[in-house]
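Each of the next two complexes has chain A plus one other chain: chain B in the first, chain C in the second.
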Partner chain A sequence: MDKRTLLVAEGIDKRFGITHAVNNVSLEIAAGEIRGLIGENGSGKSTFCQMLCGIYSIGEGTFTLDGEKLHIRNQVDANNAGISIIVQEMGTLSGLTVAENIYLGHEEPFMHMGVKDTRAMNREAQQILDSYGFGRIKAGTMIDHYNFEDRKLVEIVKATYMKPKILVIDETTTALSQNGRLELYKIMDAIRADGRTVIFISHDLGEVLAHTDTVSVLRDGEFIGTVNSSEVTEDDLKRLMVGREIGTAYYRTDYGQPITGEAVLSVEDVTVPGELNDISFVLHKGEILGFGGLSECGMHEVGKAIFGASWDREGKVKLADGTEINDIPTAISHSIAYASKDRDNESIILNESIRNNIVLPSLNDLASHGLLNGRKLNRFADEQAKNMQTKMQNVGQFVSDLSGGNKQKVVLARWLGKGSDILVLDSPTRGIDVKVKQAIYALMAELREQGKAIIMISEEIPELLGMADRIFIMKDGRINGEFTRSPELGEEDLIAKMV
Partner chain B sequence: MSTIIQKLKGTKVHGYVLLLAMLLFFYGVFKILTPGNFGSPANLYSYLQSSIIYSVGGCGLYFIVVMGLFDFAVGANIVLSSIVGVLLSQHFGYIGFIVGCLGCGTLIGFLIGTLYNQLNVPSMIVTVGLMLILECVAVIVAGGVKQTLAPGLRFFSGAPGNIILAGLAFVLMYFILNFTKIGTYCNAIGSNEFTAKNMGINVKKYKLIGFMLLHFFVGIMAILTVSYGTTMTALTGMSTMARNFQPLMGTFFGVAFRKYGIPISAIVIGEFIISIIFNGFVALGAPTTIQNVVTGAALLAIVALTARGARGSVVK
Partner chain C sequence: MEKKNNKSPEQSRLRSFLTGDKLKAALPLIGFVIIIVVMHIMTNGKILTPKKLRLLFSQIYYPTIVATGVFFIMTLGSIDFTEGSTLGVASIVVSVLSFYSIPLAIAGGILTGAAIGAINGFFHVKFRLPSFIVTICTMYLFRGVCAYFTTETAVPASNAIKSLDQDWLKITITLAVLAVAFFLFKFTRIGNDVKAVGSGETAARFSGVRTGRVKFLAFVAAGALTGLAAFVNVIKVGSITSTAGNQLETQILISLVLGGLPITGGAKVRFSNIIIGTLMYAILNSGLSILGYEPQVQQLIKGIVFLIFVALTIDRKALKVIK
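Up next, the complex of A and B:
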């Protein structure tokens, strides 16, 4: 490995109001290195990188790249300095073509006296896409015609075609299928082989260890240290992240407990055109029912279909008392809760307070004679948020200020406050650090003990094996395999039914 | 056959087929209902000439509507720019007329854009305020009397003058959308302003450019409007408000058909369709209120059938 220092961060510091997001972080990264950057939600890793990439202004401190002090005001400045980022959520813009997205802010090579050579831009963008093996994506086509994953691939091209000295990959792999991930890993390896650097942020510690050379750890905004990936285990990393032993009680440890015979929800011949084909199953009281499969297998649609959120659903979703669930208001009023995989867009209202997010489905219960009492709402929200140990200033704080894990706590607090008995949790620990994950798993086990029924849709096989009483593996919109909880059950058993 | 249809889905051809099908449908309906006094080639030519005036305004509005902004001062600016143009034409002929309309229009666009950026309040509020002010300014500038364009300066009142000028406006619009950064940046700002800002786009600057371009096109519309009608009267009390909506209907078509890559054609053909509906009702002898109700309903039906979001999707 080339040991030449490429990036030096000195005393990087950032505050958001009273939150000290990044606290005097100093570190160095070498050229030709893939550096993992890990930490709990709210540890400051994304903020640190977003300052490097010009998304946030730098509070205090300096970044020096290749011996030159950086003065970055926005992403274009960062790109020009040789720094690119791929973000967790959607980073492409609708209403623009693929080529316009790739060159947004960098149109100059195609401008001649203020006139844009659109044909040349499309031609060059297509050549780049072809060189990445993404030839099926057409440069001149509107980006809106492509799905989330293809748009992510366009974003990867956008971030890397200029051969940046440093590429930051911020929790991107959770949005990609296995194939998409492999493409990304290949690009990371190519960047390293070229003597350039990758900063790789992920909560999947196995993935971090497998694809990085070194790992830096942040905790509560402070730099904890850097370790060689080949010399540590996942448990070592967890210890560094959390500051204590995580212990063995990560997943459930009980086996052989029979599922109660009391059905709470039955799904009969449910079909959603293009997504689900003739799905039937029964959910029991006190059961965690897992759904797994490859990204596009249809499992995420199962949650929506049960919650009444699929408008073109066929078949029946019925409660034990025979009530049919065909729309969201009926689902909520009959004690069904749903947490979407797309947390920021479908589960929470980002530009609203924690309080308003929590009380939303419970307003009818909290109103007296149709009138709401602000103090009562505050009390209710505060109690639910504190039960979930949400890290916050107070319930008036906007959800957009919270980390991913704390946003998920707000979602869960909302539904637990509502007293929901059937919880449909799609990717409940997506983008969440180990400490919060552990808390969510403990909560799920506790809810199960209380007799609540949980449908857990997950792309993480260990999570399914560790938490579910029964597991359905889906393929091409159908249930392709059913497994009962057992210590003998292994990842390979589930994978065999996925592919 | 089904493979060909699948291949054409979402393409420009698909968009044109939809637009032409609508055009033929409404033409057919009124031609059947009033075969005698609707839809002869001469009639159609006349409908086209009136609709292209609104199409020009629709093109201008497109720049700000795609950014999620709105402008209620379009009508007031048409009136004021027309009056300024006519007054200047009395001293400088065609040059005074054209420069007066375009200059006044663009200047007001600059004023609206600057105020919007500086005050940091929604565009609707800024433009409603300015509409009231501009109406009063127009009355003062006109001296309270009707302004008439001199007979020797009416080249743009009919073909080929109006067609040439509107055609130039459409070419300019096509050029700006496809061969400058402005079109791309307006779309980017409308899609996600925060991301656009992070891409180094000077959002305020491009919003200002958007308003200036809108009102430059409004200036062209003023030339065509006062040439077509030969006179312009300044009125107060929000009476210019009605002038905002006809160009806006074309913009709706443009925004709806943006996904097919034919916003300008959609604006022009869309305005022509609206004109056919209006004139069809006139031919039927329907009262104005009924005309407005059915035209509004037809617009809703057209946009709903061609451009509505997928069922279950969020539409704002």
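Up next, the complex of A and C:
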């Protein structure tokens, strides 16, 4: 490739306490290139990019952009140098209009003697939105008026309208539906065509291979190498990321096993205003029941409704013995577990120890005559965390220190410790690397063999096809299609029912 | 590269110590020692004489009882500004009932406090109002009630109740409250539940904690303890004026924060925060009196000490709006 080199990273290094997050990484990226950056959770890819974008200070080493050494102290410096980033989390501010969000920190052109010319700002913002083909988003409207995906699109506009030399996309696609992803890919291609550069971080290796020119791999903070996307397979990338051969068993490989006739949970005419519309189904023992659809289709609310966590629910959720589930404590004491899509807010308490997170749902079982024994709690938590092979110093460590994959292990550890028979797993592998993903799939298959019933809500179609015995596809709060596990079933069959 | 690293290793090490968790955890104890030493030097040793110590202890019984209740509320990440007015109203009830029977007076005080706590908890939980808004409103309300009954004359208490003003009784009540609260906090799921709500209310709810009930009961318990403290207050002061319990809420807040209680509540609270905090406040208070400062100046100094402490100890990672 004889393209002009745009970015040179030399000896980039960063430590957080004892953790060597990025270890002496040097690499070059050309102008007009889409570079994938992959690695397991904690491999340092996000830290590396966040140093480039001024979110973290650079430990050691230098970045050179277009032959000029960069001195980046914060995000504004990075923006001015021509580097912007789209992050995984919500990056828009509520209470501001779309235009105010787009121009946040760059309002000067619209300021006249300290007074903001709102009309000019809205007009220009609308022109930009129209040029992206997002004309349905109105610049003068409050950002809160739009859903998660549209806000993400606004963020993409915000990060790209100034035509940065380098755009970093950090795990953004997991928050987007198929449509939103297509929009993002288009923008990436446009940037490449313009001779500028994209750094694309994703755990979805298929997506990485399909939309990048080259892929760089990090492992444990070290730079492993860069490969041409057209010359490698997903398995090659997995091998590079993990540093060893990954077994072929990723999803389940069995087909044609009949579902037991033994119902464990029935959902009858459940409606949640604005979310679910008259949903009914039956969950069987030893079954993985998948729910799929676009992100606003209501499938995430199904999990909450079963767990008794919906604020305003009509209809019945009943166990086989007739017990009705209407609140969370009843759900938990009747062996229902729930892992939320919003892991950091709903599944675990970040500012708490691993120990207290694991024991919390089981406190009533662990108490004898209402009394808790600290040593017993420690032993319980330690055992469950180790069963899940959670990477930790000890169970006293705070969950906020853990990587996404390890947090999810803590979530699963608490419910396995509780011995729940019905597991509602919403986006169980969201933002999780290959190795932990594989472990979670294996665990799900094992739990299924043990006769537990699993509801898996997922935005990843391959995951639904690979793991579920039955798949419900939802649309506008209703079940729009039902499929039975089969090797013939393809992605397009499911997508047809989503849109 | 050298240019970029404009901080020397020593500086950054010092910085990481100053902002680190270890220092934050040790600060209350360090502050405790500093305050004792400073007060000891400034008062030429007068503060540590047996007589002064006895006086000092006589001042901390009822604040300790009140602080124990508020400790649970602040662990939830909530806040309560009604202790002073609750103490005032409950003290009036105790005084009036003391003419009939002492047990009745105690029960009346506790029930009055619990009822006010229930009002706070009800509005906080059912209407989802932030606790500082609710309790500022009810603080004014019950301050008004207290003033209404005490404007003409002070409300007297019976001689029978005044004759109970003995150290052993007050010590016993205070220690019993601390012991029971410690037991509940440490060895039952109450402690886990309040900490879980303080660290992450949504996740606690999804883990099966009945968050509404926990919060309501914490306010009721704190009210009840303030009611019990009113009894201890009445046997000491004998009659209730409109200033009863004035500014008690700020005293308790300052004490607990001085004791190291994170203002955000949650996992990092320690039961010892109550004891260290109330002692520190009492020593600071009595030292400033011995030094002969005007009450206004005392207030100013306490404000400054409080501000410095909060700035040093607050956990910015967990910082949200106080519930």
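One rule holds in what follows: the second predicted complex is superposed on the first by the 478 of 499 C-alpha atoms of A that agree within 3 Å, B and C clash if a C-alpha of one lies under 4 Å from a C-alpha of the other, contacts with A are read in each partner's own complex, and residues count from 1 in each chain.
The criterion applied here is as follows: a residue touches a chain if its C-beta (ideal position, glycine included) is under 8 Å from a C-beta of that chain, and two chains touch if they have at least 3 such contacts.
Nothing here was measured: the structure is a model prediction, and the numbers come from that model.
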Partner chain(s) touched by A:A190 [first = chain B, second = chain C, both, neither]: neither
Touched partner set for A:I495, first chain B, second chain C, both or neither: neither
Contacts of A:L182 with chain B and chain C, given as first, second, both or neither: neither
Partner, of chain C and chain B, that touches more residues belonging to chain A: C
Touching partner for A:A210 - first (chain B), second (chain C), both, neither: neither
A:N356 touches, of chain B and chain C: first, second, both or neither? second
Contacts of A:I55 with chain B and chain C, given as first, second, both or neither: first
Touching partner for A:A120 - first (chain B), second (chain C), both, neither: neither
Which of chain B and chain C A:G370 touches, first, second, both or neither: second
Common ground on chain A, meaning residues reached by chain C in one complex and by chain B in the other: 309
Footprint of chain B on chain A - complex, ascending: 54-55, 74-77, 91, 93-96, 100, 104-105, 107, 111, 114-118, 142, 144-145, 309-312
Contact set on chain C toward chain A in their complex: 1, 4, 187-189, 192, 195-196, 199-200, 202-210, 266-268, 315, 317-318
Parts of chain A lying in touch with chain C, wherever the complex brings them together: 58, 60, 62, 71, 307, 309, 328-329, 331-333, 338, 340, 345-353, 356-357, 359-361, 363-364, 367, 370-372, 398, 400, 414
Contact footprint of chain A on chain B as seen in their complex: 10, 66, 175, 178-181, 184, 187-188, 190-192, 195-201, 258-259, 261, 311-312
